[in-house]
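Multiple structures are listed underneath, in structure tokens.
Heads up, the next two complexes both have subunit A, just with different partners, subunit B and then subunit C.
And then the complex of A and B:
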């Protein structure tokens, strides 16, 4: 972790209400740059909604500042990776075209991608190990390959902050190892990763900071201090009592 | 020459419908064309009541607004209630259609709205309504309408291809890039409304709805890239026009209905070939294993 953290994201009473229903309980927190941040919590805690609200995909209340500025001023510095099932994988495009979409934010609607944009797309497909499948329709890809493709598209955006919604869902061991390795490379390049994550056993090994949600903020802090049995018991009340694995086992 | 004008004009209209229809299918909005084909009557009636004319520009304006209101109202209802998007679209268009009938009965009972004309169009008569320019005969007026419509649709799709592809495939991701998926959604709805109303007069509502849905759906079965899908949909639309013209000539029946029937026949044949190919491939794999 960086010893002199820069405020990357500052939330103040940031929440989401849709149709008079509270989807994300307002929360306030500050996150520093250049680290791997996990957002954990039970189903319905509002983890995915938090990422969508941060990107302006769903309307939100309260304040959210990135690097001290509003989203619209820094949108091109942030890449969002949605959940895999949010798109139609039978859509008629190939892997390369999907990755090239990452450059759209830099182009006017009548502009075509430049040779530099195309080079970036090719390089990033290679970086996630999918260069053999570049011309394949996206419907032919496996779950792990689809997730890696999403990551390649985010890399193509050349963003400083990556917001990822369950990038490991349905991913095999090979893809998981490759993605974690990529995370480490991105951190050394000064990027920040915020990742909705379900596999609690991987948190101590792979993440620096953990945000715990369950109808509001339970805790936000460095993994070593915040990923405690007490906090996990509050975040996942169903772990307690009697259901394994117990929070103590996960934090060891 | 008479027959050729009909086939060329119908083909131009059919390609316009197939292009925007393909995008509707990818956005799971295929029934929007059907909805607009009904709700557009309200736009036509209101524009008639305001401008007291049945001239094409006034009708286009009315239809454009009706199309936008249909899309906006159905989205608003499904977003602010638990009613599903398809149900909200269904209730909005039929309500607008009914309201149009009430308005006609109240204020415009004397307008000549020929039911047969609306459903089947007047394709057989299109070569007779000519466009004269300083005494020169430039051909049927409908041909020029169809040509302008196709140029409009093609220009927008070619210029904004990447944006249309992105916002159709991943609207949430587009928003995360700072691109308004809503603007592109209503842009496409506008284009569909304009295309539908310009095509109604010639083709009738049956054929417009058929060409908005069937060539795109057929092309979706065969395509692995959006550009290919648009090309294939256009070719299927042209083939349906030619085969439909032949069928109508052979059976001496309505041109629009025959073209719509042939469009469906082409879809069934394509589906049958694909199923048969999959069956043969599966059989060959099983043979090689045993």
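And then the complex of A and C:
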């Protein structure tokens, strides 16, 4: 896909153990920049844990380098989009306030958002098509709108890498189309997207690279080469028998 | 009534309760939004053994000393809750219940021991349980003033960051914000408010002063800043009224009055909201 891929992320024996239990089996891989990367695997494979560990949200072992540097040196270049269920949507803030939170990492604890920060928040709400709902309490929004707000908040960070945890879970068709369109725009702007994704049927059409996990790394490679029936069968060994579509159908 | 209101001491007492009402509502409001509604209750109960240990060791009821000891046991309780919820499979409510019951039981045992000794200058210790604003001393009043200033300045400075940490701690961590440190500072301010406030509201009812004001306003679709301001205003009104009532009706403590008034505010707010919803629904049908 890219003529001169840059090493964006390099993992060496990177894993997570919590309370003496292995949550993410150590894995090593290298990912290039300016791509749409999907992480797939069954429930409990450690996909969300991988993203959280990469962002320093959960403690990890092994080595993770972003652009050849440690996370703390490049944290502001990376935006994390958590799962929608992780927050209390009855929290008394409006859509604009939520998006403006994306600027908080750039501010000292005593600083207030500047007019530039506010402008960025407004622009990014418009970018995800929610400018009409800017002043609405977040509890009034639909699932798809909430997801788009999370994306707007991440865009507000002006990051080069976006780590997204199931951004399509429970979103309607309109939101899904809009988000995929936004993905393409971001790639043309030189951004990289790493996305935990469940809808396998969308992988060949919308992603460049796929990382397959199931208690460790099964495969990591370009979609055309790595998204094969054999790898899918290894990634989802208990899923396929008797269930449609079969791996062969998905990969064609 | 006029003579009561021109009484300088009374005005100081009202001012004191008003300050604790504002501080408790503001900081307690944020604790509720972080789904930590009962933590203030636990910390207030955990302060009792601290006060008693202070009395046993130092033999004095000096407010500053008692606050220091109370602060220590409340912080130990906070640490234990944190450890129990993070290092065991216990649910937060179970951990809170265990710590509350254990510290309160210890506090009661120590209180009965202290009372049995008939030491001089230890009368009135039981006002820690239900509060007695009329007994407020000048030192306590200065403490309250300082505490309210600390709380309000803290909330003013940290408000945008607190909002983020309370709403989405994982995202805050992803931005490089030290969430554990922010939560500890928040807990420290909360503990301070609880420990100082329990002299007026009482340890048993302190949770009401922390939680009810925000829940009165939480029913309404308000932004966070406005919600906290309105909650603090309501708490101030309840605090001042409860002081007056506890003075008019002899032998009645301030804490229960304050919670009863806040409870009435809650019921009124809820009823008004039902009317508001009904009105909105009928307008939509028309």
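In this section, the second predicted complex is superposed on the first by the 250 of 252 C-alpha atoms of A that agree within 3 Å, B and C clash if a C-alpha of one lies under 4 Å from a C-alpha of the other, contacts with A are read in each partner's own complex, and residues count from 1 in each chain.
We adopt the following convention: a residue touches a chain if its C-beta (ideal position, glycine included) is under 8 Å from a C-beta of that chain, and two chains touch if they have at least 3 such contacts.
Everything numeric in this text was worked out from a predicted model, so none of it was measured.
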item: First, second, both or neither for A:86, with subunit B first and subunit C second; value: both
item: Which superposed partner A:226 touches (first subunit B, second subunit C, both, neither); value: neither
item: Which of subunit B and subunit C A:110 touches, first, second, both or neither; value: both
item: Contact residues of subunit A, present in both the subunit B and the subunit C interface; value: 19, 52, 55-57, 72, 75-76, 78-80, 82, 86-88, 91-94, 97-98, 101, 104-105, 107, 109-110, 112-113, 137, 157
item: Complex contacts: residues of subunit C adjacent to subunit A; value: 33, 35, 87, 157-158, 160-161, 163-164, 166-168, 170-177, 218, 221-224, 227
item: Residue numbers on subunit A that touch subunit C, as the complex places them; value: 19, 52, 55-57, 72, 75-76, 78-80, 82, 86-88, 91-94, 97-98, 101, 104-105, 107, 109-110, 112-113, 137, 153, 157
item: Residue ranges of subunit A in contact with subunit B within the complex; value: 19, 52, 55-57, 72, 75-76, 78-80, 82, 86-88, 91-94, 97-98, 101, 104-105, 107, 109-110, 112-113, 137, 157
item: For the subunit B and subunit A complex, residues of the former touching the latter; value: 26, 80-81, 159-160, 162-163, 165-166, 168-170, 172-179, 220, 223-226, 228-229
